[in-house]
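Once you've had a glance at the structure underneath, I'll fire off some questions.
Note that the chains are named A, B, C, D, E and F in the order they appear, and that numbering of residues resets to 1 at the start of each chain.
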Amino acid sequence: MATLGLIEYADATPEVRAVYDDIMATRQTDYINNFWKALAHDPVTLRRTWESIRQIMSPGALDPLTKEMIYVAVSVTNQCGYCIASHTASARKAGMTEEMFGELMAVVGMANETNRLASGWQVDIDERFRQ
Amino acid sequence: MATLGLIEYADATPEVRAVYDDIMATRQTDYINNFWKALAHDPVTLRRTWESIRQIMSPGALDPLTKEMIYVAVSVTNQCGYCIASHTASARKAGMTEEMFGELMAVVGMANETNRLASGWQVDIDERFRQ
Amino acid sequence: MATLGLIEYADATPEVRAVYDDIMATRQTDYINNFWKALAHDPVTLRRTWESIRQIMSPGALDPLTKEMIYVAVSVTNQCGYCIASHTASARKAGMTEEMFGELMAVVGMANETNRLASGWQVDIDERFRQ
Amino acid sequence: MATLGLIEYADATPEVRAVYDDIMATRQTDYINNFWKALAHDPVTLRRTWESIRQIMSPGALDPLTKEMIYVAVSVTNQCGYCIASHTASARKAGMTEEMFGELMAVVGMANETNRLASGWQVDIDERFRQ
Amino acid sequence: MATLGLIEYADATPEVRAVYDDIMATRQTDYINNFWKALAHDPVTLRRTWESIRQIMSPGALDPLTKEMIYVAVSVTNQCGYCIASHTASARKAGMTEEMFGELMAVVGMANETNRLASGWQVDIDERFRQ
Amino acid sequence: MATLGLIEYADATPEVRAVYDDIMATRQTDYINNFWKALAHDPVTLRRTWESIRQIMSPGALDPLTKEMIYVAVSVTNQCGYCIASHTASARKAGMTEEMFGELMAVVGMANETNRLASGWQVDIDERFRQ
C-alpha cells in the first residue's frame, strides 16, 4: 500500500493524531487519505507538509478552486497518478465542473506542447519579456 | 535567435502574414513575439498552433487570467525559460497582481514537492479517488 | 509483463546467461529481476547496461548506500514506478534505515519545490556560483 | 534579475530582514543569494521555504554533504540551472571532492537512462519489490 | 476507466460519432481506443486533437514509422504509461521490428543520460552550435 | 564554461587523448566539443560514455539520421539546451532538412500534449495494448 505501510488513526502516536485531527477539522471530513497515512512514518515531514499545504491552499489572492486546478495542472504535467486522482477529486469537490475540467486539460496539454516548440526551435526570449 | 532564424512581417509570405495579422487583431497589439517568428519557417505548424491556442485561450468556463496562470504553472514545472517569461508577461497583462503571482508560485512549488512525496512513498490511490 | 516478454535463465542464450551469471555473482544472489529479463531481448544493450551499472555502482569516492539513495532520488523525481520500487529495495538492503528514507524523501521533495521556485521567479545565477 | 527584482538587505522590511539574519547566522556567512532576494517579495513564502530548508538540510540520519549531493541529483534531473549552480557550490563547500562529483554525475546519468529503459520496455514490478 | 468515463459509439452524439468515423476510416480499423472515448466528453478538444494528430502523423518529409518511433521516444522520456503502450503498438503495426525497438530504446536511454551529464557538468554551448 | 572547466587536447593525459583521438577519427572531424572536454575531468566516465554513444549511434536497424532525430526529440522533451543545440547540428549534418526538422518538432510537441491528456483524463490502457 506504501513503502512503509499506512498508519491508521487507532495506531497513531499522539503527535500523528494531532495532525490527523487538524486535517479532519480543516477539511471538515472524517477521512484521512493514504498520502498522510504513509507520511505518518515520518512525523516531522508529516507536520511540516500539512502545515505548508494548509497555509498555501487557504483562500488568499487566489480562491481555493483556482488553487486546486493549478495543483492538478502540475500533477498532470509531472504524470503523478496519485496526485492527479486526489486533486481532481478535490477540485471537483471545490466546484470544478466537467466543462471547466475539459478546459483545464486543454490548457495543460497545449502548454506542454508549446513549451517544447519554444525550446526545440531554440527561441530567444524577446527583449520586452526579459526581467 | 532561433534554429532557423526569425521571419519578420516584411519578409513573410502571404500565408504567414495572414497568421500574423490574426494574432495582432486577436491580441489587439502590433507586436509579434519571437515564438511565432521562429515557427513561421513551418507555416502549417504556425497556423495549427495559433488556431489551437486562440481556441483554447479564449474565454469559456475558465476566464483568460486563470488560463494564463495555468499556462505559467505548466511552464514553470517544465522549466521552459521562454514560456515562463512570455506567459508571466501575459498573465500580468491579464490582471495577475504580485500577490496572485506569489500564491501561484507557492502552489506550483508545493505540488511539485508532494508529487514526489506521493510517488517516493509509493502511496496507493485511495479507493474513493479511483474512477 | 514487458513489451517483448521476460527471458528466463533456462531459455536464455549463452550470451545472455553470461550476463545473468555475472549479475548473480556480483550481487551475491540467485535472483535476476524483471528489468534484466526484459532487456535480454536486446543482448547488446543488456551487456552494456549491466557493465555500466556494475562500474558506476561499485564502491569509489562514494559508498554503495549513498549511490543507491541518489538512484532513488532520481527515480522519484522522474516518477519511474519500477525504479522506485527496485532501488528502494536495494537501498534498504544496503543499510538505509526508515529514518534515512524519511530524510531522503524530504530532501527530494524540497529540491523539487525550490527547483520550480527558482525557475518560476526567474532568478539569475549569482556571480559567485557561475563557472 | 528576477520577475519582481531582488530585495537587498538595506531595502528589506523587518519581517524579511529577520529571515535574512537567520540565513546568515545559520550558514555563517554574510552573503544572501539571489534566490532569497527574489522570494522576499512574498514574505510568507520566504519564511516558510527558509524554515523548511533549515529543518530538512540540518544534520540528521543523513549528513549535510549527502543531503547536498541529493539536492544536486534532483536539480540536475530537472535541469534547473540556478539550482545546479548553487547546490553544486554548496556541496563543494560541504566537502564534495572532484572525484565525488564525478561519481555523483555518473549515478545521476545512469539512473536517468535506466528509468527510461524500465518504462520503455514496460517492465512489471517484481513481486518481491512490491509493498 | 477514465475521469469522466468512456463514451461508446452507440452512446455518442452525432458530433462525436463524426470524429469516431473519421478515426476509423483514416486508420482503416473498426476500433476506437480509450483515449478518444475519454476525450469525447469534451467534443471540441476531441475534434481539435484528432485533426492535429491526423495532420501531423500523415506521411510527409518523415515517414509514418519514423513519426511513431519519435512519439514513443517522447512518451518514454515522459514516462506516460498509456502512450508508451499505445504508440509502441502503433509503431509495431507500422513496421517496427524487435531490433528497431531495441535500438530506439537504447538511443532514448542514452539521450536521457547525456542530457543530465551536459546539464550537471554545466557545459556551455559551443560557439559553432549557437544560432 | 563548465563546473570543473574544459580540458584541451594539449593539456590532456594520454588516457583522455586516446578518447579524443577516437572521437575525431570516428566522426571524421578535428573538433572536440565542450561536452567531452568537460567530462574529461572524469576519464572513466568520459571513456564509458563515449564508447556507449559510439556503439548506440552507429548504423544498425535504424540509420544514423533517424537516431539523431530521436536524440533531438528526447533532448527537446527534457529541455536540455546544450543537447538541443548540439544534436540539432548533428542531425542537420546527417541530412535533416528544414522540412524534416519542422515535422520532427510537430510530432514532439503533439506527443508532449497527448501524454498529458492521457494522464490527465486518467485513461486506462486498452486490453489490446497490454503486454
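Criterion: contacts are C-beta pairs under 8 Å (C-beta built on N, C-alpha and C of every residue); 3 or more make two chains touch, one makes a residue touch a chain.
In this text the structure is predicted, and so the values were computed from the model without any measurement.
Asks: Common contacts of chain D and chain E?
Replies: A, B, C, F
Asks: Could you find the chain whose CA centre sits the greatest distance from that of chain C?
Replies: B
Asks: Could you give the separation in Å between the centres of chain B and chain E, each centre being the mean of its C-alpha atoms?
Replies: Spacing between the chain centres: roughly 21 Å.
Asks: If you average the Cα atoms of chain C and of chain E to get two centres, how far apart are those centres in Å?
Replies: The mean C-alpha positions of chain C and chain E differ by 27 Å.
Asks: Among the residues of chain B, pick out those that touch two or more other chains and give their numbers.
Replies: If we look for residues of chain B contacting two or more partner chains, we find 1-4, 44-45, 49, 52, 77-81, 85, 88, 99, 102, 105-106, 108-110, 112-117, 119-122, 131.
Asks: How is the touch graph of the chains shaped: line, ring, star, complete or other?
Replies: complete
Asks: Quick check: in the complex, which residue numbers of chain C touch chain D?
Replies: 1-4, 31, 33-35, 38-39, 45, 49, 52-53, 56-57, 60-62, 66-67, 69-71, 73-75, 77-78, 80-83, 85-89, 97, 99-100, 102-104, 106-108, 110-126, 128-131
Asks: Which chain A residues qualify as touching chain F in the complex?
Replies: Spelled out, the residues of chain A in touch with chain F are 72, 76-77, 79, 81, 84-85, 88, 104-105, 108-110, 112-117, 119-122.
Asks: Name, in rising order, each residue of chain F that touches chain D in their complex.
Replies: The contact residues of chain F facing chain D are 3-4, 41-42, 44-45, 49, 78-80, 131.
Asks: Would you mind writing out the residues of chain E in touch with chain C in their complex?
Replies: Interface residues on chain E, with respect to chain C: 79, 88, 98-99, 101-102, 105-106, 109, 122, 124.
Asks: Quick one: which bits of chain C touch chain F in the complex? Just the residue numbers, please.
Replies: Of all residues in chain C, those touching chain F are 1-3, 5, 44, 48, 52, 55, 131.
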